[in-house]
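Consider the two complexes below, in which chain A is the common component and chain B and chain C are the respective partners.
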Partner chain A sequence: MSEITQEKMDQIKAYIDRVKQQPYPTSYLIAVLHYVQGLFGYVPREVMDFVAQEMNLPTAHIWGVATFYHYFNLKPIGKHVISVCMGTACYVKGAHDVLEAIKRELQIQVGQTSEDRLFTLQEARCLGACGIAPVIMIDGKIHGELTAKSVVELIHRYRKAARGKTA
Partner chain B sequence: MRAKSILTLCDGPTCIYKNSRAIRDALETELKNQGLSDEVGIHISGCLGMCSKGPILIVNPGYTIYGGVTVQDIPEIVQEHLVRRRPVARLAVQEDHLYNRFFRIFGDVDFFGRQMRIALRNCGIIDPEKIDDYLSVRGYEALAKVLTAMSPREVIDEVKKSGLRGRGGAGFPTGLKWEFTARETGNEKYVICNADEGDPGAFMDRSAIEGDPHTVLEGIIIGGYAIGAAKGIVYIRAEYPLAIQRLEKAIAAARENGLLGKRILGSDFSFDMEIRLGAGAFVCGEETALIHSIEGRRGMPTPRPPYPSVKGLFGKPTLINNVETWANIPVIMLDGGEWFSTVGTETSKGTKVFALAGKVHNTGLIEVPMGTTLREIIYDIGGGIPNGKKFKAVQTGGPSGGCLPEEYLDTQIDYESLAAAGSIMGSGGMIVIDEDSCMVNLAKFFLEFTQDESCGKCTPCRGGTKRMLEILTRITEGNGKEGDIEKLERLGQMIKKASLCGLGQSAPNPVLSTLKNFRHEYEEHIFQKKCRAGICSALVTYEITEKCIGCGACRRVCPVNAISGKRQERHAINQETCIKCGQCFTTCKFDAIVKA
Partner chain C sequence: MGKSITIHINDKPYKVDPGQTIMQAADKLGFHIPRLCYHPKLSIEGACRVCIVEVEGMKNYVASCSYPVNDGMKIRTNTPELRRARRDIVELILDNHPLDCHICDRNGNCELQRLSYSMGIKARHFEGERKNYDEDLSSQAVVRNPNKCILCGRCVRICSEIQHVHNLSQAYRGFRTVVMPAYNMPFSESVCTTCGQCINVCPTAAFVEKSYTQELFERLNDPGLVKVVQFAPSVRAAIGEAFGLEPGHNMEGQLVAALRKLGFDYIFDTQFAADLTIMEEASEFLERIQNKGKLPMITSCSSAWMKCMEQFYPDLIDNVSTCKSPMSMNGAMIKSYFAEKIQVDPKKILSVAVMCCTAKKYEADRPELMFDGLRGVDIVVTTRETAWMIKSAGIDFLNIEPEKTDAPLGLSSGAGAIFGTTGGVMEAAIRTAYELYTGETLVDIELENIRGLQGIKEAAIQMDGQELRVAVAHGLGNACGLLDLVRMDPGRYQFVEIMGCPGGCIGGGGQPYAGANSIPLDEEVLQKRAKALYDLDRGKTIRRSHDNPDIQKLYREFLQRPLSATSHKYLHTHYQAKLPRGIIPDRAIY
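Moving on, here comes the complex of A and B:
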């Protein structure tokens, strides 16, 4: 997913061309970055240069925007993205223990990708699923009412599934 | 043609087993015979969960629930309920008690019975992806009324009369905001819906949009008409994909039905809408920061004035309201501002949606009239604290709010009362905290959040929150010293006074309110090096009690080999080497390890 191909660059160009038809085209920069991240899983530095040229904006401005918002990744990510909700409800119900357990299990810190490139660990602000706190999200799917123990089992399941596919 | 009634027939496995598919056929035939096919819609729903009473048929509007329906009952239901508009009591699901005898969704259990639903009135009842469902509950009727019978001035007066105040947290009178934007000249104006719900522990806006997106759209279109704008923008978090998808669907459906676009409903008013995604920056909930984010820039606030009503998006007059505020507008237009102002308290009108979470039985989304007490919400609606634990505090307003202890439980929910008690209304997060939570640690948690989310533009917020966090970290790690509490108070007051935007101005609130109400916990941490909740790991010691059977699980899991003991004999922890990681505590299956 993370390779930079001509096809993806063409798609970005087409997207920016559409945006340019709108009033205030540069206001769509964040939308363009969302689109880029949707293609690559992150916002590659060289793609920022391309966007800069196409949108007629300095790369420095784009870099500034991309680093300001938590949502944009600047490095390639693992196959599965784990977002641990650190919202208040989750925090009160033990999100910290869950996060520590994941860090221990994957041997990585928040913002890093595991050595096998299977998991990237992130903290999320609030996933809005406070009723089943504490929750984590793996690739958009919410897992709730977790404990330090059950989250490790959950990771095992993902590992097993990944092994099953390569075997 | 618009359906006057919607029949929802449960299509869950039990109801199918109990013949619901044949009932559907019978209904279609009967409606045709009576010539009602055009004005009565039949919807199929997934399992409603009331399987024991199936097959279930719900008639809307009115939400009458019929259970145990047979094919033979169909002519009677159609004749009585749909033609003569009289529900068939015999077939309606009944409770054993006399009050609220006929099962109506908002009258059957305390969880619903104590609520009043204005903003969330349709959530959970209509199909949010079908515009016809919304139309069947008088959807877009307020818009039609406004466009045909009211001048923009009259619309604003109605909102002013209602006493509605901004539901995003600050509580600014909505009607005034509209008036300020309306009186600006120039033909390029904008209406924005702030759906950048960033408070950790809050999911009101998400549920409102996911459950009833058209209500929000209708409110925004009315707002556009009132102030003379042609364009509306919904700024929503990228973290809410389902809400985004439903909004997109709703906007498309509204366009198809002539409710958005050129000359809406044949009037001279044209209005269109688009969605812009946020990208995970809490400060973008602040209106000037939000505007800069829509403009494609870093979401940093700018000083006010000029207010957005004068100089907002792209430098044009802009009206920004929160999702919940918008959802109230159609009700105010149809039921009247006067009626709306009868709900609530002297200064705070209407209802407020809260995301009730934390250590409480019924976590979820509730909407209560202003003036309801915290006790009613936590104990009557929320069902109290689980596992026999003791209530310690309730946190409202998220990272901008405060923690209120037991003596404030009878505080009424309104903007002024909550502020007087030392917290804020905020956007609607409400977290219940029991004795297992450490208030110092909780304050630190909120400050970590605001410190991290501080955009860095102004020094008091950028540097001040950092220094406060350092002191708090020191205290929770057992290195607090005399004078720390006073320093926190001084810094907190300074940051509140000197920060540029609402984020900084409210960031010290969690610390200041816990210092006020739970000062003894800070003092214990600093002087006795003790954390009564056993949360601050540096201040906790683990001990093995006589419950230990000597299984050795803790010994094997200990990363520093601090646990020793023979098989089947009580083990012991060497406090010198113990790093207080807590792994033995979570591993022990016999509750033999305790925190002290």
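Moving on, here comes the complex of A and C:
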């Protein structure tokens, strides 16, 4: 997903060209970056340069916006995105231990991607599943009532599945 | 302006104009409300809240820099509660600040120190988390230290709104917010033009120049070197401020004497080389006219402009004069003509330039300027660094007996002096070009139309029945405005002068910091510095570059004539498009 291809660049250019027809084109910067992330899973630096040229916006300005919103990934993300809920309910029920267990297992910090490019770790606010706290979400799927131990097992399952496919 | 309204400040009524902020009205009435992020030349950020005042009927204190006055408004600027609130705000800023003033570049010259003093802060009540980032030392000219940054945003705004370089933004958020170039690039790889204006407006030491003072002290003690120094026109017009003088004193003689005391063997004047630049530049201009070369010709002496042009206006490269800046011309003459005269191997010469400019540090390092495998200038120090060196060496600058520069690169005409202010290069060039072109002497040599601080200035001069249309811009933002006109209509002007800093070199990024009673880039200060140079011009008998006898001698003995092969070798250069390409937005986006 993350390679930069001419086809994707053309799509971005077409998107920006449409935006330029609107009354305040530069106000669509966030929408454009959103679109870019949809194509690549993150916002690559080369593409920010391209967006700057096409939208006639200083690169530093784009960088300021892209770093301001936690939503944007600035580095390629892993195959699976793990979001650990740090909302109040989950926190009270031990989300901290769950997070620490994941960090230890994957050898990464929040916001980073594991060496094998399989997992990216993020934090989230209340995921709306407080009833089964503490919860994490992997690629949109909720997993609840976790412990430091069970979450590691969960990661093992994802690893095995990935290995099965590539093998 | 509408009918005046009445406001009350600290229980006294005053008549003021509507349509201004509380701070503006208060300033005029002599109430100086403390402030930090506000700067009159920049957009209002409203970020620091140091400027809060009490307005009767309002639940919360209001930020006076952004809140407009209303009829009947009752404002208090100094109640005990307000003073406490304000003090708390500044204490919170200090909270994350490395309080190491005694080892800091801005020690004794820091707005944050002054603010903290005037708030009466005597203790630290909060002990906050400190920032721990690496300094960015990659640039030849500008050092960025995010640990000292208090996020007032003035640098971001001056770089975008005044300079139109848009190199900086506040990236990330909350406590992790850092002012940085795109992608957190090292400064050396960013679009930074090294103009140093962020240094001028920064209230702390978060932006400072790359200092070469220690290295210079070392090398001044090297007995194997012949130490030669030159100093720019604007340095003499501003350095007095660093010693507590009012702006506008010409300290040329004192500076020469102090430089000798510091250990320099020969003291030359960049104004001499400004005369030399005019000889070459005026000749190049006439050649372009006669041979239907690329017009308008654009001046090339501002180093920040050089880099700006290569990144933002590569399409105009052929319009830019090939003349090196006066500093680099003088450097080249020091290590060739002068070296020959004193019969010293140019490698044994230490060539130093005292400049009002930070970008000259970058310029001196440009490989395009080398000749015979040599750099013309080895070390560039700013006005600020030089003032510090003089103080540090215990030289009594204000009471020193004035001295004169040395021959053969020290004598200058009045035209050379006005090089330091916006419009000055053009005025000097016209004084000479007119005579070279018409064979007659220009009588009315003071070109009022292109003097002063208006952003873009134009004039038309009659030369032998031909109209010569010229334009002048100072500050890179104004330059961009003018060059956009040139791009649209290349026939509009024949000659364009660009200076990268507001006011020209007198407002350079290396000039003394604003003191307690002024603000960075204050127009009045710039005008006084400019006046010092115009007075210098008026006081000289020789006011045209080509009348300078030492310039005539230099051509006779070494260069032969302007644009000769020798001139080209030492005095001219070339440019090339550079990456990253800068982007100039269609309109202001902040």
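One rule holds in what follows: the second predicted complex is superposed on the first by the 167 of 167 C-alpha atoms of A that agree within 3 Å, B and C clash if a C-alpha of one lies under 4 Å from a C-alpha of the other, contacts with A are read in each partner's own complex, and residues count from 1 in each chain.
Criterion: a contact is a pair of C-beta atoms (placed from the backbone, for glycine too) under 8 Å apart; a residue touches a chain by one contact, two chains touch by 3 or more.
Fair warning: this is a prediction, and the values are worked out from it, not measured in the lab.
By the touch criterion defined above, A:Thr5 reaches neither chain B nor chain C.
Of the two partner chains, chain B is the only one that A:Ala133 touches; chain C does not reach it.
Of the two partner chains, chain B is the only one touched by A:Lys93; chain C is not. Between chain B and chain C, B touches the greater number of residues of chain A.
Look at A:Trp63: by the touch rule set out above, it reaches chain C but stays clear of chain B.
Shared-chain residue A:Thr26: touches chain B and chain C both.
In the superposed pair of complexes, A:Arg45 makes contact with chain C only, with no contact to chain B.
Of the two partner chains, neither chain B nor chain C is touched by A:Ser150. In the superposition on chain A, the residues of chain A touched by chain B in one structure and by chain C in the other are 26, 61, 64, 68. Those residues of chain B that touch chain A in the shared complex are 197-203, 206-207, 238-241, 276-282, 293-299, 314, 355, 357-359, 363-364, 395, 398, 429, 431, 433, 437, 442, 445-446, 449, 455, 582, 586.
Per the touch definition, chain C reaches chain A in the complex via residues 160, 166-173, 180-184, 191, 580-586, 589. In the complex of the two chains, the chain A residues touching chain C come out as 26, 45, 48-49, 52-53, 56-64, 67-68.
Across the interface of their complex, chain B is touched by residues 24, 26-31, 33-34, 61, 64-65, 68-72, 86-93, 97, 124-133, 140, 148-149 of chain A.
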